[in-house]
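Some structures are shown below for you to check.
Paired with subunit B in one complex and with subunit C in the other, subunit A is shared by the two complexes that follow.
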Partner chain A sequence: MNVPDRRIPGAAALLSVRGLRTEIDTENGTVTAADGVSLDLHGDEVLAVVGESGCGKTMLALSILGLLPRRTGRITGGQVLFRGEDLTQATPARLREIRGADIAMIFQDALTGLHPLQRVGDQIVEMIRAHEPVRRDAARRRAVDLLDLVGIPDPDRRAASFPHELSGGMRQRVMIAMAVALDPAVLIADEPTTALDVTVQAQVLETLARISGDLNGSILLITHDFGVVAGFADRVAVMYAGRLVEQGPVAEVYGRPRHPYTAGLLASMPRIDDIPGRLERIAGTPPSLISPPPGCRFAPRCGFATDLCGELTPQTRLWPADGGVTVACHHAERVGAG
Partner chain B sequence: MIGYALRRLAVTLPVLVVISFGTFWAAGEISSPTAQLTLNPRISPEAKQDYVELLGLDRPLHVQYGKWLGNFVTGDFGTSLVRNGQDVWPFVERALANTLLLVAAAVSLSLLIGLAVGVVSAIRRGSLWDYGSVTVSFLGVSIPVFWLGLMLQLFFGLYLANWLGVGPPLLPTAGIYSPGQQGFDLLDRVRHLVLPTLALSLQLVAVYSRYMRASMLEVMSADYIRTARSKGLRESRVVVRHGMRSALVPVTTQVAIDIGQLVGGLIVTERVFQYPGMGLLFLDALEGGDYTILLPTVMIAAVVVFALNLVADLLYGVLDPRVRLGRDRRVARNV
Partner chain C sequence: MAHSEASRPFGPETGPLLAVDGLVKHFSTRRATLKAVDGVSFTLEEGGTLGLVGESGCGKSTTARLILRLLEPTAGSVRFRGRELTTLPAAEVRLLRRRLGIVFQDPYASLNPRMTLRNIVGEGLAVWEPRSDIDGRVAGLLERVGLDPAFAGRYPHELSGGQRQRVAIARALAPEPSLLICDEPVSALDVSVQAQILNLLADLRRDLGLTILFISHDLAVVRHVCERVAVMHLGRIVEIGARAQVYDNPRHPYTAALLSAVPVPDPAHRHRRSRVQLAGEVPSPLDPPSGCTFRTRCPHAAERCATEAPELARRGADHPVACHFAADLPLAAQP
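And then the complex of A and B:
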């Protein structure tokens, strides 16, 4: 596989995914959930990976920590470099050290993601004691402090609650408290607000933003919500059908999308100042990842597509040279020109 | 939970009354206490009539039943018709103790083996071990207890000793004490327990390991197991503290319910091994026409089965905090 080095010069990435290829066995065949994905997460930044359901963004997140479904998922190529160490080659013991302490994860649904039979305080205590030789009561005090930090009222009593006794928003806060317990360098948040009501979504995001400001870690935010990205992330990576199509600073990408898919997504977002009318939409559906079409995967749905797009997979390239945005499109110049 | 238990009992009691009446009626139909008197030419019809009146057999069935039920629930089991008028309770008490010991031994052994086999099968799904345990389980549920008991007796009581060229059988094949045994000898007692326990256990191991495998497979694909791994926990801790803890909830209640279904296997096992428990007492009473022993034996078995079902229900609430039984729900939410 031909993966160009796209490191931004002078900034060594904290977490660097290089040409990652992840396969998942399904009943209908083997899905290539991530196909040559490369991205860099730097210190103290929020990078959002955006894409629609099934584009492979969750599997990308799970690949980083080696948490793919055991029987059906595997990494078949590429590297995941954390502070220069390739996690795809790490021993299980080394991975355990890193999980939770250096790279922690927040999952989408806290109701199924938290253990239903364990008190929430104990779940946080377990996280702390898995990595630090502290006494149970000391860990417990820290757990209560963490619950307080994420805005759970009456944290001392709530620590003794079971997940089903908390509301959805509270559960997700517990999940956040657990993930930040050991002040990890990288926090991977996989659709942290998708399972919540809209009003609660905003509160939880606010909490996440506040915490990430307090702690000096980076966040890899997986989401399908462009609105969340705009208010929260420094940089954005747009994923389509297992590949990254565009990556760069949020303002740059939103202000001047270079990839037709990004442009289409942005055009399909309702805006508050719009005259009521029909929303734009991208025609067609994403391709099957079991046997994806050759060339550019967006070509069948793309207004800019030419014969070239159906034959040759576009290289990921920096365009224009000074924007800090990489794009995988033969016609980026035409798209970027508006 | 206490309120729930009481309400469950209230529902259970009428069922027990129906069972007891049915048993009472059937016992009277199949064993007539006066049959022997009729056969004996030296007993006059008058003397026979006196005896019938003494036993109250001339009264209507529901009156007889009411009197028996009153005595039964107050612990008065009466005297045996057949065993020279001895008190019934000591027979029942001894048999009950022996049976409980056998059941406890078989269930503990089966749980120990069955749960371990199930967990290993689940985490090594599709392995040689998994397929092997499936095969053995199918054998286990397919082999009838009486046949297995006989084979165990033949093997340990005869063949093994012959092949090894040693004199006495390695394990006793009947009873609970060696002939001539005086007083209590733990080793002797345990040796007598081995074969009946094995005979009863094979099926249980098969069933428990299947339960545990299925439950564990379901749990190990849950989101919270992935969360546990993402915390950097050791795999052993993920499997035991997170996986097994959840997987045991449905298995425990199923095991409690299943103990009631052991009754049939118990009767056969106790007969094959001449093990003096409730099953053997039941068969002896049935064949000897002794309804005074038959009735309490059946009734105690019924009560135990119902009690275990109740325990299973309550256990679910204890093991899984999400299950709050009955009216206690609101209270539990507020604490």
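And then the complex of A and C:
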């Protein structure tokens, strides 16, 4: 795969998130789900945001699309630039126009994304006709073609199925078909294969990879699975407690993680390809985002932490200067040295 | 907390600790019969670790529940230290569960939210221990699983997922079982916490000499934990062998496909690995294919596979495979 040079952060990106800050009200207090998150998604690339539950990755995705829970969620800072337009300032009508047509989303659970009482073909038809002035029969032909494109056997007949009549893998393919129906420039996929068995996951990921290749679209993949990222993404952004701690080309980040959290997670994973031994582990659990620790949020769990880490939030910086990886750690040099 | 020999009322010390033979569980509905477990046989030696691995609906969790008599088997035999469990009178089933500890997947659902940790963990002791000893034993168990004994007065909702799973393990260990059955014990946990629990299980096994039946859909986790591995597909074991045999030299096409589908956290593998892509849809367990239940997705299926169900044959001394063509297939060693 020929990936264009993306070593310069901020170089003209398709989708650029700048210093995003998202707050969510919960029963126990206000959570800062994203705290100064910046990332760039370029044309024709797959960028994965990876992190553990509660790190804020899903809220980041919802912030981009303007889909935060209406009463409890809000963006309190930063920008989401899509082709230069700041989506945080866009009207609800403008956002509806963009969603689906320019930026589409695939959710973890296809059942929540599909209407349970409507045939899947009709749902795709409606989706197309909501954005384009096409006749019903033309939209219908496109829907069947799309189902065929995502590898659903006998698409003509399957278009008449209700979601519950399809297997989990097929439902997720229908979601993909619907997401790419309007040829969006950006596809945001939030844990698209997490609910699926491993052989079905492999099929769905292949479909996603093939389709994004065919359509020259970019994918923002939200996942907890470092294995899926390694097999699928061009670049990776590691998220911890509402902040991005490391971002760069997948081979660079996996080959030489610069942030202790990334390094610790990679060493914590049991591997299918490795001799069993003791897993390196990260002590403790992620902090509450209601009252996160001062300074570096990973410091309380970090083997590299010094007094500085508990006092001063590390700036995101390129290190080494020519590696294309940005990291937010005072001690990246020591971590990266292995 | 060493296990005393005198506390083992079940049977002689010869033969495998657990022997499952021809175990069957069918669930009947008005329209169809679900063959959840359809002739499962394996043995587990004292001190060993066996992984039951497979995708959802393969019958691995049902197998665990049958062994524990949480479900009544349709047919077959389960012997623990030589003693038949399937015909055990109900009164003795509780005694049986004292010998067999279980840890479930969901530490949120498996702990009673209204009970303190002291009561949750002490429950397994309370029947036969003098009350004064219980506090000390609970403190010891909490410490054993890496929790502060001062947590004894807390409730489950005050704990993180990983801490709850530690409590579930402490509860399972309380009656000093010789066999620990773990049903997806780390599936609900994040990677960093999962590693902590897997390391804890390894420590417990080393220190207490526990025998572990480990049920999981995650082949990487099973590889990490288990010395022997049984791969299940639609109610049957299709391949069973030592870890190295199954992972480095899979002989059933389903095992090979499963292994190649597991994502490896190493970008270099993207190009190096040979992917076995499965075609078609996962068959419904309510309407399984004739003959070999894997044949509809198998890249090597032949006519014979549709008419004749392959037995879990002993090919080679200790690596049986249920495939008509296991001896001839050129399956790639993974990864």
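Everything that follows uses one rule, which is that the second predicted complex is superposed on the first by the 326 of 338 C-alpha atoms of A that agree within 3 Å, B and C clash if a C-alpha of one lies under 4 Å from a C-alpha of the other, contacts with A are read in each partner's own complex, and residues count from 1 in each chain.
Definition applied: a residue touches a chain if its C-beta (ideal position, glycine included) is under 8 Å from a C-beta of that chain, and two chains touch if they have at least 3 such contacts.
Treat the numbers as computed from the prediction; the structure is a model and nothing was measured.
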item: Which of subunit B and subunit C A:Gln203 touches, first, second, both or neither; value: second
item: Superposition-derived comparison: subunit B or subunit C, residues of subunit A touched; value: C
item: First, second, both or neither for A:Ala101, with subunit B first and subunit C second; value: first
item: Subunit B versus subunit C as contact partner of A:Glu52, first or second or both or neither; value: second
item: First, second, both or neither for A:Pro320, with subunit B first and subunit C second; value: neither
item: A:Pro294 touches, of subunit B and subunit C: first, second, both or neither?; value: neither
item: Partner chain(s) touched by A:Met127 [first = subunit B, second = subunit C, both, neither]; value: first
item: First (subunit B), second (subunit C), both or neither touched by A:Glu165; value: first
item: Partner chain in contact with A:Glu280 - subunit B first, subunit C second, else both or neither; value: second
item: Footprint overlap on subunit A, where subunit B in one structure and subunit C in the other make contact; value: none
item: Touching residues (chain side subunit C, partner subunit A) in the complex; value: 55-56, 160, 162-163, 190-196, 198-199, 202, 217-221, 223-225, 243, 247, 257-270, 275, 277-278, 280-282, 297, 334-335
item: Residue numbers on subunit A that touch subunit C, as the complex places them; value: 52-53, 153, 167, 169-170, 197-203, 206, 224-232, 250-251, 254-255, 264-266, 268-273, 276, 278-283, 285-286
item: Subunit B-touching residues of subunit A, taken from the complex the two chains share; value: 62, 65, 67, 69, 71, 92, 95-101, 104-105, 107, 109, 112-118, 126-127, 130-131, 162, 164-165, 178
item: Contact footprint of subunit A on subunit B as seen in their complex; value: 125-126, 221-224, 226-235, 237, 242, 245-246, 249, 319-322, 333
